[in-house]
Amino acid sequence: MGYEDIVTLAPFIATILVAAAILFVDFVAPGRKVPALAVTFGGLALVAVLVVLTGQSAVTGRDEVTAFQGAYVVDRLTTFLDLLFVSIAALTIAFAPDYLEERELPVAEFAAVLVFAISGAMLISASADLLVLFLGLELMVLPGYVLAGYHKSDGYSTEGAIKYFLLGSFSSAIFLFGLAFVWGLTGTTSIAGVAGVLGQVADGRPLSPGLGMGLAFLTTGVAFKIAAVPFHYWTPDAYQGSPTPVTGYLSVGPKVGAFALIIRLFAEALGPLAADWNVVVMVLAATTMTLGNLVALTQDNVKRMLAYSSIAHTGYMLVGFAAWAAGQPSGLEGLLYYGAAYAFMNLGAFAVIAALQKRLGVTSNLSTFAGLIRREPALAILMTLFLLSLTGIPPTAGFFGKFYVILAAVQAGGWLAVLAVLAVLNAAAAAFYYLRVVVYMFMRDPTTEIPSLTHGRLVWAGLAVATVLTIVLGLFPGAMLEIVGGAAKAIG
Amino acid sequence: MHLLPITLLAAAEGSEAVAADPGIYATLIPLIIALPLAGFVFTTFFGRRLQASFGRNVAAAVPLGVVIASWVVAMVVVSAVLQHQGPFPEHGPGLDLTLWTWIPAGVDPATGRELTVDFGFHVDALTAVLLIVVTTIGLLVHLYSVGYMAHDPGTWRFFAYLNLFMVSMLLLVLAGNWLLVFAGWELVGLSSYSLIGFWYQKRSAALAAKKAFIVNRVGDVGFALGIMAIWVNTGTLDIQASLARLIETPAAELTVPLWIVALLVFAGAMGKSAQFPLHVWLPDAMEGPTPVSALIHAATMVNAGVYLVARANPLFAHAQDAMVVVAAIGIFTAILAASIAFTQTDIKRVLAYSTLSQLGYMFAALGVGAFIAAIFHLMTHGFFKGLLFLGSGSVIHAVHEEQDMNRMGALWRKIPITHWTMLVGTIAIAGIPPLAGFFSKDEILGEAFKFGFTWVWAIGLLVAAMTAFYMWRLMGKTFYGESRVDPHVEPKVHESAWTMTVPLVLLAIPSALLGLALTWGGPPLNPEGTGLLKGWLEPVFEEAELYLHGEAHAYELFGIDGILILASVAVATLGLVAGIALFGFFRARGLRATADRIAGGTRVTRFLYRASLNKWWFDELNDLLFIRIGGRVAAFLWWFDRTIVDGTVNGVGALTRDAGGGLRRIQTGRVQNYALGIAIGLIVMAGSFLVIVSR
Amino acid sequence: MLAFLDGISRSLDAYLVIAGIMFAVGSFGFLARRNAISMLMSIELMLNAVNLAIIGFGAFIPALHPDASVIALIVMAAAAAEATIGLAIVIAIFRNRKTPLVDEYDAMRQ
Amino acid sequence: MTLPETIPLLGIGWDDLLFLALTGVMLGSALLVVTMRDIIRCGLAMIVSFGALAGLYVLAGAPFVAGAQVLVYIGAISVLILFAIMLTQTKDAPGALVFQTQAIPAAIAALVMALILAITVVATDWSAVADRMWTFTGKAPAGRDELGVAESLFQDYVLPFEVVSVLLLAAVVGGVFIAKRERRGDA
Amino acid sequence: MNVDQIPIVSLIVFLPLLGALVVAFLPGRRTDLIRWTALGFALAAWVVSLILLVGFPPGRPGFEYTQAIDWIPLFGIQYKVGVDGLSMAMVVLTTTLTWISILASFRPIQNRVKEYMVSFLVLEVGMIGVFVALDLFLFYVFWELVLVPMYLIIGVWGGANRIYATIKFVLYTLVGSLLMLVAILATAFTYQAATGSWAGAFDLEVLSAHAATGAFDPTFQFLAFGAFFLAFAIKVPMFPFHTWLPDAHVEAPTAGSVILAGVLLKLGGYGFIRFALPLFPDAAHTWAPAIIVLSLIAIIYGAVVALVQPDLKKLVAYSSVSHMGFVTLGIFVFQPQALQGAILQMVNHGLITGALFLLVGVIYERTHDRTIAKMGGLGAKVPVYAAFFGFFVFASVGLPGLSGFVGEFLTLIGTFAVQPWAAVVATFVMILAAGYLLWMFQRVAFGEVSDFLKGLGGHLTDMRPVEVFTLVPLGALVVVFGLFPGLILNLVGGSVTHTLDAVLRGAPVALGLWR
């Protein structure tokens, strides 16, 4: 563990230190949100800077920088994902205080736990070792359970949390079992090593049944984390139960993190077996987007509806991944683009819901949205934008994400082209439930007269960022394309 | 961007001869149409205000004025054409004028067909003859309307419509290409729609207007297809050029056989001229004000079909199968309409059926190849039928808008001018020499016989007798016998204003003399000569008649022609005498009871009577076919649209939602169920992977 | 009598099969028990099954030996962290619902 | 006194006997954990199971892990669980059904899982690939003592080690927050 | 400054967007200011489009005033716009109808005026954008952009069942357009795979040239054309994809119906001509028989169903199905006159049906009812209204001298030249059109004044000057294009040549318009 290693690890360390600092500030000035938030945003900014700096040195020097005997890697993918995670954290924390304070929940601990979670996600994106990967995963999801149950006096929140936790642990065990098998068969935890060994054995077919079993367990575990059907059961309940800002985070942070895991594990370590697992990925993609959309059609609770919709979005992202596995580099680029776009638009949508639910007792049912354009026109218009983006209407980020993923699928051809058609049909069906919210906001009269609320500057600032990104990523995707292109090249 | 240059061009296309310099006629001919058009536009926009501010007569002044002006100009042109002055040489093809290129749709490079439709006119003798009829009768009807519509609040509107009608009809007659004919054709339909439905608050008028337009459209479909077929065959829509090409092109090279083209064009003619089975609109059209009936349904619009077939005479001459159809439908319509006219009691309806019958004559003439005779009859009929209609309008006016002849009678003394002029018209239509109808009708019958269509001739004779009879029935019931007029109205019956009677007199003169005038210098008075009308029209029909009949035979007043004259005069007289016997004459009372007895006599006569009274149930048949069955079909299709087509769409949506509703049930809310799902998923996954890796 | 089992303790397959059985037993508990803490214990059984497999690999495959113990220790630590959170959540929900029976937590479904 | 190579009557070695015994205890008590009605006894059975597992670790030549197993599981986690059981006891709990309605499908699923795993394990030649790995990385096998573990832990696995500590920190922070009663005594 | 240096096409596209932004920042209570501002921007766009039209060189194949800026260079996606005669005609139609619609909305729209005007201006951006986009990606963006404001216009300011209608409209359209997106991507990728470069992969001109060499294989063409077909057929709408139209029309506010019928339906026909035919010429031939049959069904079926409609708007909606059948028929017989007819028909249908919807809106505003059975005697009660109504009814019937006739006739005659039986079938709609329109007119305008209308008393006033003012331009254009259809035919001649050249891929097509 030399100086070089520490420097390379700096963003991760800084993240942990930020979490610790928040806790410390809260200890010094208990219950005061301003200092805690200041530390949080300052710290996250620092982390972002460090991410860029380490990423810079990685990119300018070699293609990647490794540390800790090759267990930790910084390449362009890491940089891209880390920045995304930091943004997700910052936005989530921006949206949370209004909501939490009304419920008398502490802001500082929320921020600290969230930053812990982000540190896990960042670790995933930088792991070059299966063990680190697993630990990063745990570090990402454990605080997630806490966040889900953050409103601990609320029955829904704790119910969601325990469901999330139990099933999450179950899947972790499954994942771990698979990991053990793969390790046992390849003899190394190094991702590059695993890939090397598998590259050799992949030619000597048939592969051993143990490897198949390991793949099955790994796939199941990962499919659970990204909420792919039929391993998605936790998603609706956990999303609906969680405090709304948390739902926003859960729907993007762990999801993108899990996709980072997929990239590192399946694309890198298990890449040589891509032809084997891709069949499964394609089936998963098809079932996931279809079931997610179909069930979302029938939901009356917007949070739950968005939960199912997030399942559907997983399906679209899987399409991109399957395209990559079928030999189209653009598939991975599409997946990354989609991830970024999805993160901002979905966070934005949940931020609007959270803002509406600021007042205690306001449900996330569709009726809450009735006549929103009259009560809070700005929120209604922003929500419309995010929903249109989720639908995939140009010129929004969501559209370009879909465009990219589908392009990759079309390029790959064959069954993936069929998958592309299925994806767009799904997108059309999805329009129904997204637009349903718009219907309520614009076309229904409010059922009850709710006085309009005031929202904190942080919320507006966060919404502004999400809005700008949602539009910019849709209208001027050029810069982002360069970035995801570079990130995807890290995998090759 | 180029605005199309609107210039006056003399089109040289299609004629080998050096194009004649149109000279002053380049201005005069468009003026014939432009004048009523200006009147129409002016009256449409300002008529209402004028009428409100200055009264009806002022509102009518402009429309009337432009029609007078148009008549003057038309007469100048007509005289030039018929006397071969200026650009109308003796053996010229007529004058072509192009105002602007209407539809520049270019050339189809695959076939070389060009679709460039000029907004242009073609003027020759046939046009001139029609111009005489249209402008003269049109002018008189305008004049008559000033008096007739004097009490209607919508006078200005009526005159606007009349002007529009003049525009349409003149366009139809003057048009130099098929599409422009069609345009006039349709505009005539529109203006007749407006005029028939003038009293639109009357439901029957509104229905009649609609019926007229739609039935006409049925024929128009044929005409439109005919135009398309002509274009496909010849690659041009210019009337003269396309006709020339049609007959020049060998039959094998034609895309659409000639007889089909001819029948399609004839279908259009059937609609406008109300030939069986498209005759149903004309009687209903009597719902319009009477001047309309005179203008449209006697003198001009219904003649359009005759004009069309005459205009297309080379086409028909070369498609003789089609000619037989024309003749058959014509003569059948003639007898059918005559049979219905026997029993109608509405004075205008009797005239309407009489019109149908006379139009049938004209088509029969066209069908046997007697084109000039058809046009001859067209002219004479235009005048005497116009006279009869206007007269009937005067009668109706006198008895306070009563049209039922059963509520008239003994009017001859109270409205003498009307009576005398109508008597002239009746004798003219009956075919009694020397009035106009005799000449034209005899010409038709004679030529039918001579050209070998004895069946046409035989039926025609029968119809002539019937015509004389039912016309006298009309006279008798209206003017003679005892008065059945409403006692409240009786004292107020009086002769109409001068604006109405003057046209009657002006029309009575040609009704009486036109036959003589037009045959002046020809048979039967001068068997050696050709006659005035024949001289005018010979160039137009020469080729076709030559092709059909070969060299014309000499006229034999004391041979076959004389016998034919005698026959037709005899049957006309017979019909007239029977009419007088049954329906009286001046003070003489008829034997009406006998008439009733005949009608109700045997089973056969009873049936015939009812059939005639019910117009052979054509309206009922149409009602069944198009309203009931057609309505059912439409209603079924709408049901199909909502239930099947839209139902499928909504069904897909519902199915999707139901699928979602079913799938959401797997989310039971119980963690263990979820875990079991995951476990089963894991097992399936393991199975799949074991299969996959062992490949 | 049990001679066919001779050498079983020197067989990797034996370790792995037992680990598998243990994993399955844990799964059964997780799927079948109603009590949240029972489910938690089942998960611990599953995680220990994984550890057994890891140790088994380490014992019989020389190449894996040096890493096996370390990995097992780290898994153990992760399991401990998971248990901490899990129990905290169980206690929290118990306060709300007054029952540890997970199948009664079905306020949210479909 | 030296024991015979193989145990009389049974015909297996001492190692094997010990292995079988430990396995039996472990699996048996594990089954008890998942089937017994009284949850406290379940907890105790779990301790027994983990103890037997520790024995197996020793047998497999991983005494360091065995020690950690005793400390961490028996000493910490099990006690934690027992505390939690105490905290969440309700009066009506014992009377309630132990099993979900889906116990039978669950059993079938578990059985199938076990069978597939067993078959897979037996059908796989585990060393074949890993040995090749050896040649692939060129990494020499290290010693088998506990010192090796420590070296390995603080050299090759220093990053995971650090991360584990962060993980535990996070778990504690989160766990404390969730489990602690709120100040304004909501139930 | 030289006119060529101004990106005038972009100016037309983005003027309304600027207007939308300005309106969005106006205070919501000052509704009159908002209305006039919106109208001002719509008029400005109109004026600019007219300037463009006046300077437009007619008859040349290919695009003028093109402007291309790299947008997403990675995929060779450009912001590329330009106009040819066809686009020009459509753009002017759009700008004209938009300001008329906005003006017509002044009175009927009283709540949420700001949102309405913003929606309308954004809608205009999308519509114009579709007509000028020369990049498939850009085209798709504008294509979808149209959807959102229309969705709101129907859904917020529509009738009782508006939500069902608007969702149906959006979903139906979306299904088609998303499949088209797949086809667009496949096309671009196929090009990229063939040339090895993304440059020009979304460029319509490049792709058309590529397609002209027969580079796209038939199977691919068949599938891709199918996707394009579905998108455009739904938009046109062709039987059996038409059922969203009556619902949408019935529920939409007047101006929404005007734009829907006037412009949105044209997007489909335009798409066929501009994209589907040049890109997939072989597939177009394969698909043509089926499309011709569907067009014929639409023509007759729409008319027959229109006969029995009880609601004025539904009747006009079904008449649209029938009329738009001529457009698809004219396009897919691949015959120059027919194609010209189809284009004319698009313009004419926009003007005439737009006007009819305005008229229905006028009466609806006064009676709050559109049931034909309740009307009657309007001619006596509101003569000016009845006169306008009658004028446009006859324009719709296809009366010569008014614009509807020429388009229909050219389509028919062109069809007759290649598919005589199709023309025969289609011609029969002349009867049906007269039937349903005149029957409707008779029931509405003729006869005694109905009890329902009597009951309205003084509320039933005749046309206001503003209403007259919205209709007069349309009426004038109907007459002008009826008498001088050459104005449009000359304008679009180049496009027609170009399209047929591409689809027939034989000897170059010359219409010989310039004698």
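Labels for the chains are A, B, C, D and E, by order of writing; each one numbers its residues from 1.
Basically, a contact is a pair of C-beta atoms (placed from the backbone, for glycine too) under 8 Å apart; a residue touches a chain by one contact, two chains touch by 3 or more.
Everything numeric in this text was worked out from a predicted model, so none of it was measured.
Chemist: Would you kindly count the fewest steps from chain A to chain D, each step being a jump to a chain that touches the current one?
Modeler: Contact-graph shortest path, chain A to chain D, evaluates to 1.
Chemist: Which chains are shared contacts of chain C and chain D?
Modeler: Both-contact set = A, B.
Chemist: Need the most distant chain from chain B, centre defined as the mean of C-alpha atoms.
Modeler: D
Chemist: Could you tell me which pair, B-D or B-E, is linked by more C-beta pairs in contact?
Modeler: B-E
Chemist: Of the chains present, which has its C-alpha mean closest to the combined C-alpha mean?
Modeler: Closest chain centre to the overall C-alpha centroid: E.
Chemist: Please tell me the distance, in whole Å, between the geometric centres of chain B and chain C computed from their C-alpha atoms.
Modeler: 98
Chemist: Between chain A and chain B, what's the gap in Å when you average each chain's C-alpha atoms?
Modeler: Here the centre of chain B sits 78 Å away from the centre of chain A.
Chemist: I'd like to verify one number: the distance from the centre of chain A to the centre of chain C, where each centre is the average of its C-alpha atoms, in whole angstrom.
Modeler: Centres of chain A and chain C (C-alpha means) sit 28 Å apart.
Chemist: Find the geometric centre of each of chain C and chain E from their Cα atoms only, then give the gap between the two centres in Å, rounded to an integer.
Modeler: Inter-chain centre distance comes to 66 Å.
Chemist: On chain A, where are the residues touching two or more other chains?
Modeler: In chain A, 131, 135, 138, 142, 145-146, 149, 152-153, 161-163, 166, 170, 174, 184, 187, 208-209, 211-213, 236-237, 429, 432 touch at least two other chains.
Chemist: Hey, what residues on chain E touch two or more of the other chains?
Modeler: 171
Chemist: Which chain B residues reach two or more other chains?
Modeler: 653, 664, 667, 669-673, 675-676, 679-680, 682, 686, 690
Chemist: Which chains touch which?
Modeler: The complete list of chain pairs in contact reads A-B, A-C, A-D, A-E, B-C, B-D, B-E, C-D.
Chemist: Contact residues on chain E for chain B in the complex?
Modeler: So the residues of chain E touching chain B come out as 53-56, 58, 168, 171-172, 239-240, 242-244, 301, 304-305, 307-309, 335-337, 340-341, 377, 379-380, 394, 399-401, 405-406, 409-410, 412-414, 416-417, 420, 423-424, 427-428, 430-431, 434-435, 438-439, 442, 445-448, 483-487, 489-491, 493, 507-513.
Chemist: Would you mind writing out the residues of chain A in touch with chain D in their complex?
Modeler: Those residues of chain A that touch chain D are 1, 9, 16, 19, 23, 67-69, 71-72, 104, 106, 109, 112-113, 116-117, 119, 123, 129, 131-132, 135-136, 138-139, 142-143, 145-146, 149-150, 152-153, 161, 184-188, 190, 193, 196-197, 200-201, 208-213.
Chemist: Could you list, by residue number, the parts of chain B that touch chain E in their complex?
Modeler: The touching residues are 1-4, 100-111, 113-115, 119, 179, 182-184, 186-187, 190, 193, 197, 200-201, 203, 205-207, 209-210, 213-214, 217-218, 220-221, 224-225, 227-229, 231-232, 255-256, 630-631, 633-635, 637-638, 641, 645-646, 648-649, 653.
Chemist: So in the complex, the part of chain E that touches chain A is made up of which residues?
Modeler: For this pair, the touching residues of chain E are 71-75, 112, 115, 137, 140-141, 144-145, 147-148, 151-152, 155-156, 162-163, 166-167, 170-171, 174-175, 178-179, 181-182, 185-186, 188-189, 193.
Chemist: Spell out the residues on chain D that touch chain C in their complex, using ranges where they run on.
Modeler: 6, 9-13, 15-16, 18-20, 23, 26-27, 30-31, 33-34, 39, 42-43, 46, 49-50, 53, 56-57, 59-62, 64-65, 68-69, 72-73, 76-77, 80-81, 83-85, 87-88, 90, 93, 96-100, 102-103, 105-107, 109-111, 113-114, 117-118, 121-122, 126-127, 130-131, 133-134, 139, 141-144, 148-149, 152-153, 156-157, 160-161, 164, 167-168, 170-172, 174-179, 181, 187
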